[in-house]
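Shared between the two complexes below is chain A, which pairs with chain B and chain C, respectively.
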Partner chain A sequence: MLQKKVCVLGAFGVGKTSLVRRYVQSIFSDAYLTTVGVKVDKKTLTVGTEPVTLVLWDVAGEDDVNAIRMTYVRGAAGYFLVVDGTRAETLEVARRIQERVTKEIGPIPFMLLLNKADLQENWELPTQSIEALERAGWAIFRTSAKTGDSVEEAFQELAKRMVA
Partner chain B sequence: MLDLPARISEWLLLLVKSQRAVAHLLVDGEQMLVKAGGDLEHYGLTDLRPRQGACEQLPFLEGLLPLPESPFLLRSMGMPSGRVADVHFFDEDDATWVVLLDVTSEHDDAQKIQQKAYDMTLLSQREARLIAKLEAAHQALTLAHHELAASREALQLTHNRLQDELRDAERYVRAILPAPIAEPFAVDWLFVPSTELGGDSFGYHWIDPEHFALYLLDVCGHGVGAALLSVAAINTLRSSALLHTDFRQPDEVLAALNLAYQMEQHNDLYFTIWYGVYHRPTGRLRYASAGHPPPILVSGPSRARGDAYPLQAKGPPVGMLPIARYRCEERVLYSPARLFLFSDGVYEIHRPDGSMLEESAFEEVLTRAVPGGKSELEELLHFARAAHGSEVLEDDFSIVKMTI
Partner chain C sequence: MPGLSLAARDASSTAETPPEAARARQLAALLLEVARCVDKDLASVLPSRLDGDPRLEAVRSVLLEQDRAAFDRLQQKVNDPQQLAEAISAVLARAFDLAGSRDEQLATVLAPTMERATQASIRRDPNVLVGILYPLMGPAISKSIAETLDGTLHGLNQAFKHSFSWRGLKWRLEAYRSGSTFADVVLKHTVVFRVEHVFLIHRKTGLLLEHVAAPQAASQDPHMVSGMLTAIQDFVRDSFSPEKGSSGGGIDSLRLGELLLWCEEGPSAFLAAVIRGNPPETFHTVLRGTLARIHEELRGPLDEFNGDSATLGDLVARLEGCLQQQEQPQEKRISPWLWALPLALVLALASWMVLRTVEAYRVEAYVQELRGQPGVVVTGAERRDGKWHVSGLRDPLAADPAELLANSNLGPERVVGHWEPYQALNPAIVVRRIRSTLNPPPDVALLIDGKSNTIRALGNAPQHWVEKARALAAALPAGSPRIDLSALKDIQDPTFIRLRNAIQAHIISFDSGAPRPGPGQEAALDAVASELGELIRVARGLGFSVRVMITGHADSTGKETSNLSLSAARAEVVRSMLRARGIAPDLLSVRSAGALEPLRPGASEQEQAINRSVTFTVSTSD
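Take a look at the complex of A and B:
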């Protein structure tokens, strides 16, 4: 069976662990528990007719002191960049991570997840920045780990791009 | 290697093994699991099958082999059992050794510290966002305040201009009022407009050497519109500008006025008027009323209490009906007597408790003896203000006194 490593990256507190839990276990908790190091999970889905197992690396978030270790990203076939829609600064972190991954790992498929869509009335992401990323070819999904909105679709789409 | 005796090195190894739950795996160049040993159960790595694919059995190896460098370390990896391990990789010949050392305790400590730090950071970020929002709201409020102040200033200027215009209009209304006369009989008046410009006006003049016309009108409502109509109507009377009308006949005058000032052509305004003609040689007063309060004739000299006679006459207000008939009444005036002609603002006075002043109280004041040297009309105004409880009356205060 085809098996692909997928990293979930982004600033701390953007909802990476919640997205993985929503996708793998279909559960959500409002309590925030920071991730230290990495947690590995897997889920099998079908792309076309072919079953594909995604090995999901939920990597500790980046902060002002600790950058994401590229050793965690080695061997990844694709990755998610997760942004908290209510914190504009997390978009800049995602942009920095993308540059580093491209430089050190290579141009592998990735997707930008604008998370916390359930709090859209509190979003602070500049529309022009998002439009600029879309024009640059970034695939963008507006997700909510809380409601599950667009989560399944985002993983399915990345799997499709990795297999293609 | 450590420069220690073998016994101590072995002791150290046993110590690490017991404290770190050492487990190991060997994966060959084909990424097949060769062997596994140590405390694998501690990490939840059970049912491992040698000579089977390593990555299928140990998903965290996916994509890592062959190693990019050796030795290679993955820190703090959550394992299936819930324990956390540092995962060390070593290349050896054509195979890779994977050694797991338990770091759960260090992980938990680090997680507690990091959690606090992140909670604090999130709080301070939220605080910064709130402060930014507050500052933006404050700026918007300040801007709105400035705009409001500018609007208020413009409004004040407009208000002042309107007030000036109202004062000009009031001056004009006052300017067309006739001067008091003393001979051959006395006619005096008092006119105190309300705060808004009112619709009261009056006049008197000799029609011919024997006939003296006397009139007072009150346009419904207040404001410039009412004042304009009152001035127009008074000018019509003063200049005898009604065609085919004998101004010595009060009923004819009111009927002609009614035709000339229909409310449809005058901004829906109508007015009440009392019009009288005094024939001096005979002392006969002929009069008609268009819905106006009856004047009061007080017999006797002003220094003594007199008797009051309201001069009633019936007729609809001017402008309300296209065809209206007015009846002429008549009374002979015997000297000494005073005739008081007024608008409803003189006696329709609200007391501070909301009740209305009785007409009988007003009549009582009119018939009261006036002490020498005092102005009877000023006394009336004083009485009205005292009853109202304020120097500012609700309506125009207009009264004309004819003394014979």
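Take a look at the complex of A and C:
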């Protein structure tokens, strides 16, 4: 069976763990996120006719003090950048993370997840920034860990890109 | 080489014939050759060569001209060592790589040469090889020493842990018998382990390459476990490794209760074994060997691993060799029935010993109680013929040993007494003796004064009892307590005294020479009988009896012997007459005084008449 390591990255509190939890049945405690800085989950899906196992590394969020451990991203076949739609600054964090990953790991498939779509009326993300990213070729999904909107689709799409 | 010779000949013939003709001849010859190759039968009918036809030669020359030039260059390169070395050096690395990835032949072929080269290098200058190996030897030696020390410490720990236990003593005995060291025996018994899971994990991605588990071993999803293990390894490496990005410095060993995690790292993958119990340090070698073989055989696929496990082939068989276990040797079980007999014997022995101890304790208590009794002297107590024999001296008035035995919880059949009678001088026994012999009046109390070894009698007692007590005291053996009767008050009953005096005042008169009382004496005899009867009753009421001595008298006339007979007859007659009046004859005794005890000493008729009489004397007795 094909396996792919997928990292879920983003600023603190953007809903990475909630997204993963929405997508998979977690086994390990969330306490790992605060102790080791990562929690690993698994989801098997089908791309075409081939089953693919996504090993999801939910990496603790980045802030000014605590940068993401790039060691955890090493070996990833793709990654999600998660942004909190209600906090404009998390988009900048995502952009910074993407630059770092590209620099240190290389150009691998990734998705930008604009999370908390259920609170879209409170979004602060500048539309022109989103459009600029789309023009730059970023794949963007508007997701909601609360309602599950577009979550499955985002994972499916990333899997497809990684296998291709 | 026929081609070369042909080419040379063609070149020489070209000079003799026009070029067109030579080429045509060459072409014709080639066509003939082709025809012969296609159909073997033509070889027999067609000539082998069209000698002298220059056209064929020309054709051949045209066709082979470029090849010939290339061949010439190649031959020049082969013949020139410098050019040949340059050509080989350009492809040598790739050739080694290909040959190495294809099979083990290259390694096998190169090994002797490498060994010889290494030996030559060492002979020439050992420092070169030392310099090469130094960066590797340091960590390798450190790791080896650490593992050896771990093994030694593990053995020492186990040895210390079990040194002073019962099991430790058994193992010491086993070590002594087998000639092994104690630590070896301890390790043999304590190295009990079971490898429950083995994970082969891709180092770069943390993806699970393969997982094998012992039967019934529980675990979370192996993919997630391998991911978390990698994360933790990375975390530890990042946090504590001195060099950022270093590939070493992860977790080698981690223990959680009975579970032990051992990791062995290789260049592309690492093995993680989850072990329950205490594995021997040599199990590291098993893991390391397995990992080395996997890297050796799958180096390329591991390096290029992109998540597709199928490229690695079947790894399960390789990993299953790591699923080792060592169980504690089952001790030979003994049938419960074989335990029953010795157990019953032990229980019986214990019960017997308990019963014997209890019995001995009770006999001791019984003997102590006997020793505390006045008038009892225990001289021996021993167990003989299944019974206890208690022997000694016992005053008949002392406590009865049989009664004491009944109160001692000892069966009368278990204790045999051997008692010799003796007279005890213990004051308590003497008091008992006085009581049983003298039957003291109720008013009399007998007190023991231990200090002066004296028995004091207090209260009121009749004279006759006092006299008897005094007689008994005088008859006691030397060393007996002194009996003090001085505090007793002598009491006399007035009725008794009156009756006694009245009886003793009676004088029964007789005529001269007559043995029977004279006329008118019947009334006096009646009075004596009546008073004597009352006296007997009064004396009995006072606790004693009386006796009456009847003394016969005679006057001084006549012969002395006759007077004695006559006085005896007079006393007997009076006794008969009193018996006839109801007096018990055993209370009456007679005595003959003759003329020897005259009531009146004179010889007048009146005095003689008084001396012809019978008198009464009252005495008391028990």
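Just so it is clear, the second predicted complex is superposed on the first by the 153 of 164 C-alpha atoms of A that agree within 3 Å, B and C clash if a C-alpha of one lies under 4 Å from a C-alpha of the other, contacts with A are read in each partner's own complex, and residues count from 1 in each chain.
In the analysis below, a residue touches a chain if its C-beta (ideal position, glycine included) is under 8 Å from a C-beta of that chain, and two chains touch if they have at least 3 such contacts.
Since the model is a prediction, treat every value here as computed from it, not as a measurement.
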| item | value |
| --- | --- |
| Fit or clash between chain C and chain B when superposed on chain A | clash |
| Which superposed partner A:T147 touches (first chain B, second chain C, both, neither) | neither |
| Contacts of A:T102 with chain B and chain C, given as first, second, both or neither | neither |
| First (chain B), second (chain C), both or neither touched by A:V38 | both |
| Chain B versus chain C as contact partner of A:L2, first or second or both or neither | second |
| Touched partner set for A:T46, first chain B, second chain C, both or neither | neither |
| Which of chain B and chain C A:E89 touches, first, second, both or neither | first |
| Segment of chain C intruding into chain B (one of 3-11, 201-209 or 453-461) | 201-209 |
| Overlapping contact positions on chain A, where the chain C interface meets the chain B interface | 1, 3-5, 32, 36-40, 42, 53, 55, 57, 69, 71-72, 74-77 |
| List of chain A residues in touch with chain B within their complex | 1, 3-5, 12-13, 32-34, 36-40, 42, 53, 55, 57, 60, 63, 69, 71-72, 74-77, 87, 89, 124 |
| Contact set on chain B toward chain A in their complex | 55-56, 59-60, 62-65, 68, 72-78, 84, 107, 110-111, 114-115, 117-119, 121-122, 125, 129 |
| Residues of chain C touching chain A in the complex | 202, 204-208, 220-221, 223-224, 227-228, 231-232, 234-235, 237-238, 306-309 |
| Chain C-touching residues of chain A, taken from the complex the two chains share | 1-5, 27-28, 32, 36-42, 53, 55, 57, 69, 71-72, 74-77 |
